[in-house]
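Below is a structure I'd like to ask you about.
Naming follows writing order (A, B, C and D), and every chain is counted from residue 1.
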Amino acid sequence: MSDITAVLGVIGSDCHAVGNKILDHALTAEGIKVVNLGVMVSQDEFINAAVETGAQAILVASIYGHGEIDCDGLRGRCLERGLDKVVLYVGGNLVIGKRDFAEVETLFRGMGYDRVFPPTVDLKEMANLLKQDVAARS
Amino acid sequence: MSDITAVLGVIGSDCHAVGNKILDHALTAEGIKVVNLGVMVSQDEFINAAVETGAQAILVASIYGHGEIDCDGLRGRCLERGLDKVVLYVGGNLVIGKRDFAEVETLFRGMGYDRVFPPTVDLKEMANLLKQDVAARS
Amino acid sequence: MKLKSEKMTMEAFQAEREEVMRTWPTGQGVDFEDGVRYQLALPESKRFSSALAKAEREGKTLCQPRAGVALVDEHIKLLQFLEPSCDLLPSTIDAYTRLNHYEKAAEGVARSLAAGTSLLNGFPAVNHGLAECRRVVEALKKPVQVRHGTPDARLLGEITLAAGFTAYEGGGISYNIPYAKKVPLERSIRHWQYCDRLVGLYEERGVRINREPFGPLSGTLVPPFVSHCVAIIEGLLALEQGCKCITLGYGQAGNIVQDIAAIRSLRELGHEFFRAAGYEDYALSTVFHQWMGGFPENEAMAFSVIAWGSAMAALSGATKVIVKTPHEASGIPTKEANKQGLDATTQLLNMVREQVFPASPVVDLEVELIKREVRAVMAKVFELGNGDVAVGAVRAFEAGVLDVPFAPATCNAGKLMPVRDNEGAVRIFEVGRVPLPDDVLAYHKEKIAERAKAENRAPVFQMVVDDIYAISKSKLIGRPR
Amino acid sequence: MKLKSEKMTMEAFQAEREEVMRTWPTGQGVDFEDGVRYQLALPESKRFSSALAKAEREGKTLCQPRAGVALVDEHIKLLQFLEPSCDLLPSTIDAYTRLNHYEKAAEGVARSLAAGTSLLNGFPAVNHGLAECRRVVEALKKPVQVRHGTPDARLLGEITLAAGFTAYEGGGISYNIPYAKKVPLERSIRHWQYCDRLVGLYEERGVRINREPFGPLSGTLVPPFVSHCVAIIEGLLALEQGCKCITLGYGQAGNIVQDIAAIRSLRELGHEFFRAAGYEDYALSTVFHQWMGGFPENEAMAFSVIAWGSAMAALSGATKVIVKTPHEASGIPTKEANKQGLDATTQLLNMVREQVFPASPVVDLEVELIKREVRAVMAKVFELGNGDVAVGAVRAFEAGVLDVPFAPATCNAGKLMPVRDNEGAVRIFEVGRVPLPDDVLAYHKEKIAERAKAENRAPVFQMVVDDIYAISKSKLIGRPR
């Protein structure tokens, strides 16, 4: 069993709830403590929850296409709030339209996310990466 | 009523019979006398029929993809046999694969065909062109 | 609870209207009388209700895409591009506007202008305002509907109906439960009574606006009776406010028998409940949504999901079908991908249009099953509301009597858990507090047991997860590997 | 007539074989015993009959593409590319080889080499010869079938079976009537008796080769009973020569009821006639061909035709489906387009696989209709042949008792004229000299009259022409505009 706590949520005005429930289920099954904020989560709510629970990671989902607008600036706010070690993941249908994933990845890495995932990600593999990344940070 | 006689047939080892029956039907309806050789017609059979019937036009169909091989040389043989005024049309799925029609047209024009038609041709329009072309040649 | 399904008085409406129109600057210039004049001047060919009525008469299934981008000119170009390939047009509204975050939408418009491409997932009609929306309507020949997901759609309705849109999707339940998190149901129902009343006022002035409750809800394994109940309640709420042209919707489940039975029962139940409530003078039609859950990424596979939905739409006798695109799994489609979805749909509609799905006792049985489920739940809704359907709906959600699977709204119990049976029909695995008759429940359990046995595993949540992924992984039923 | 459906003696076979093997140089090195050894050494996974038997047991519909190009390495690349997306592999033979024009095929190979791209519409297996064909089989993991259209397929059969192909399509009627012009039917049937005997000899040595009469014939509005009769006759001819694994085929007509009834009746009639003729020890399976007539050019629309065919294949319970591609209307597909056809098919097969088409009296009626038609025609075939099915077949074609619409062969009467009815089922507009029972004929006429009335025009040839174009113009029924 790992001792990881991760904050999970769907950012912005995004109502897509299904993937969120499944992510929760899958991460929990992998022994990760999940603080699930559900859908329509603001950047501040993510950060508050991480601060409160001492989470090592924040997993941001954006499905509805406004990711480019909604996800920008989260890394900066984390730093402002003293979360300088927190692992930031982002995944989903991150941008508007069918775009080359490599391009999308570069865009979100540029925003300070440690890893960027397409909708087809294997959740078990992702959980393993998370464990490694958290271990490497602490 | 026009006084045009046209030889019609599907060239080479090609068995596609449906379009041929419809072309016959459509041209006849437009007042053109059709000498229909059916499927699997050799270049010589086309020419013999044109010579025998005094046809002003030969309509070559190739559907099965071997058009590039089968249709080459017909214009030359027509000239050899004294058919120097005959209008030569070709149509169907003329080459192997889905290729840009403009390319296919250039290829078959290069072989000496007066007009080249894709499978989606409107047969009424084609019959009108035929009447014009025959009139212009005589 | 001050809520009641009763026609809003003119005073109440007017008072509320003044408030609504102040919530964003573009509300200011919108005049109802001007809207009526504008609507009355529209040619018949732009009237949604007329197209539906004609399709109903001819037994034809019309097709309609989803489409919306941030900027007006681009939006017009998009719709003009799609127009020749469909019967009915949409304007799909962006997600910020849906939540009345007009400043955010403004930011999206500005960033889209800068980026030279739409960064919004829809058309921000409120931000663009009346005149710009009229430009959209005027650029098109076919009827245009507002399609969204807005719990408070009052301002959006005022602007778009005055602008000549002739159909309005949504409802107080169907645009809350799947689309919002913390909006009290009572509030969204009240706000939609306003929208319905607005449509009713147009109707009274001779302008027929089509109203379409959003059928598919969360789009994910929703059992037909669940969405039917919501559709019927929203139909009743709309009729009460004077709406006269109602389209009830359903999202494809994937099992032939269930899908055909669903549209048939939806139509019959609609009439049953509407007439029982004393409404006679209305036009009813149905809409079938091509598969609303997760799509396969592979476009060839997506085409098959689209085609199958089209076939079922036509065979079930739905009045229209809402069309997906081969880009569904990836993102907002390009206009070309959107047209491809329409072309695929048209081909299949045309190939089955004249065919009659053979009469079968198996289908009749499924129709009866759905009807019994709906009647049981609706009886409880009326009971909880002491005869008032609005109050009943709110209390039914509170009590878990109405329960939509996988919905984000906190006012939804989320106890009902669906799963596919061995032939792929959506059945009830955990009923929560939904009052289905015992024998009906036993039937569901039996059907699920059949599958569990075939798969040699107990029907646990993993089975549901597998079903959620199934179609995107090129299956209907999520079998274990 | 020296023709007779009777197992060829070993002497007759050997004598004929020597001649056959001399018709092209690549015939020389081919040794039957070596072929048997090679076949016996193949793993079970490459055996076509095993894959079919497994599918039959599991009630699964397998999918198979068409594919063939001029050069061996390219052909291997093509099949390897498709292999992960399908269950069964083909090698589609080019049209010169089909007509034994091996010099022409050689020219095609040479020109293809020069052009750097295939200029042949298939794989010229005879020209490439035994060793090269074995390279194909060895490069693949799944079973490979020879698919062609060859009236005299003796040499092709000797080479490809010795090379390890485990299934052989065709038949003396189905590979003559739609594929040739002047080949006497008696001759092609005799030549196919040779092929069947060859398969029988392999069978006797423990090597099961699947034999599949070509179901769709001209692919254009062929009424089910017509292709069923041909399929059954060719099945009987093959069984007589010792073949034991038979797949009967049918090309999609487009009407649900008719297509489902067609596969059901085909299977039942197959058993009925085979058992009546005294055969018991055989494996029977069925193949459904996605729409074999003209396709729409628009690829999105083509996808829907493909999807609809896949749905019907699975729902009708066919053992395998032959898959079209989005390039169908244009030309030989690229390998990518070919894979797209397979992916679309797989998605739909998987989505309906577990579903049972609801039992319906309407389908039962159609099954009965087809059975009565087939029995009436087959009775006449046997009568004309004095009990011999080979002789009967030849005489039946002479007499117009068997008559395939739109076929090029001069030995085919071409008097029977089909047309769609008001629901799109293929009916008989002019029966020619086909001996259908009077009440059956009256039923066809009545169904057509229904349509004629709906269209306000007489059922003349233009209606047939409109039907031929219909699917390529995005309709099932060719209605007047």
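One rule holds for everything that comes next: a contact is a pair of C-beta atoms (placed from the backbone, for glycine too) under 8 Å apart; a residue touches a chain by one contact, two chains touch by 3 or more.
Small disclaimer: the values here were computed from a predicted structure and weren't measured.
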| item | value |
| --- | --- |
| Centroid distance [mean C-alpha coordinates] between chain D and chain B, Å | 30 |
| Centroid distance [mean C-alpha coordinates] between chain C and chain B, Å | 54 |
| Cα-centroid distance, chain A relative to chain B, in whole angstrom | 65 |
| Residues of chain A touching at least two other chains | none |
| Numbers and ranges of chain D residues touching at least 2 other chains | none |
| Pairwise touch network: line, ring, star, complete, or other | line |
| Touch relationships between chains, expressed as pairs | A-C, B-D, C-D |
| Residues on chain D engaged by chain C in the complex (per definition of touch) | 254-257, 296, 298-301, 303-308, 310-311, 315, 326, 339-348, 350-363, 422-424, 471, 474-477 |
| Chain D-touching residues of chain B, taken from the complex the two chains share | 12-18, 21-22, 25, 38-40, 64-66, 68-69, 93, 95-99, 119-120 |
| Chain D - residues contacting chain B, complex | 95-96, 98-99, 101, 104, 107-108, 111, 117-121, 149, 178-182, 218, 220, 293-294, 297, 327, 329-334, 337, 406-408, 461, 465, 468 |
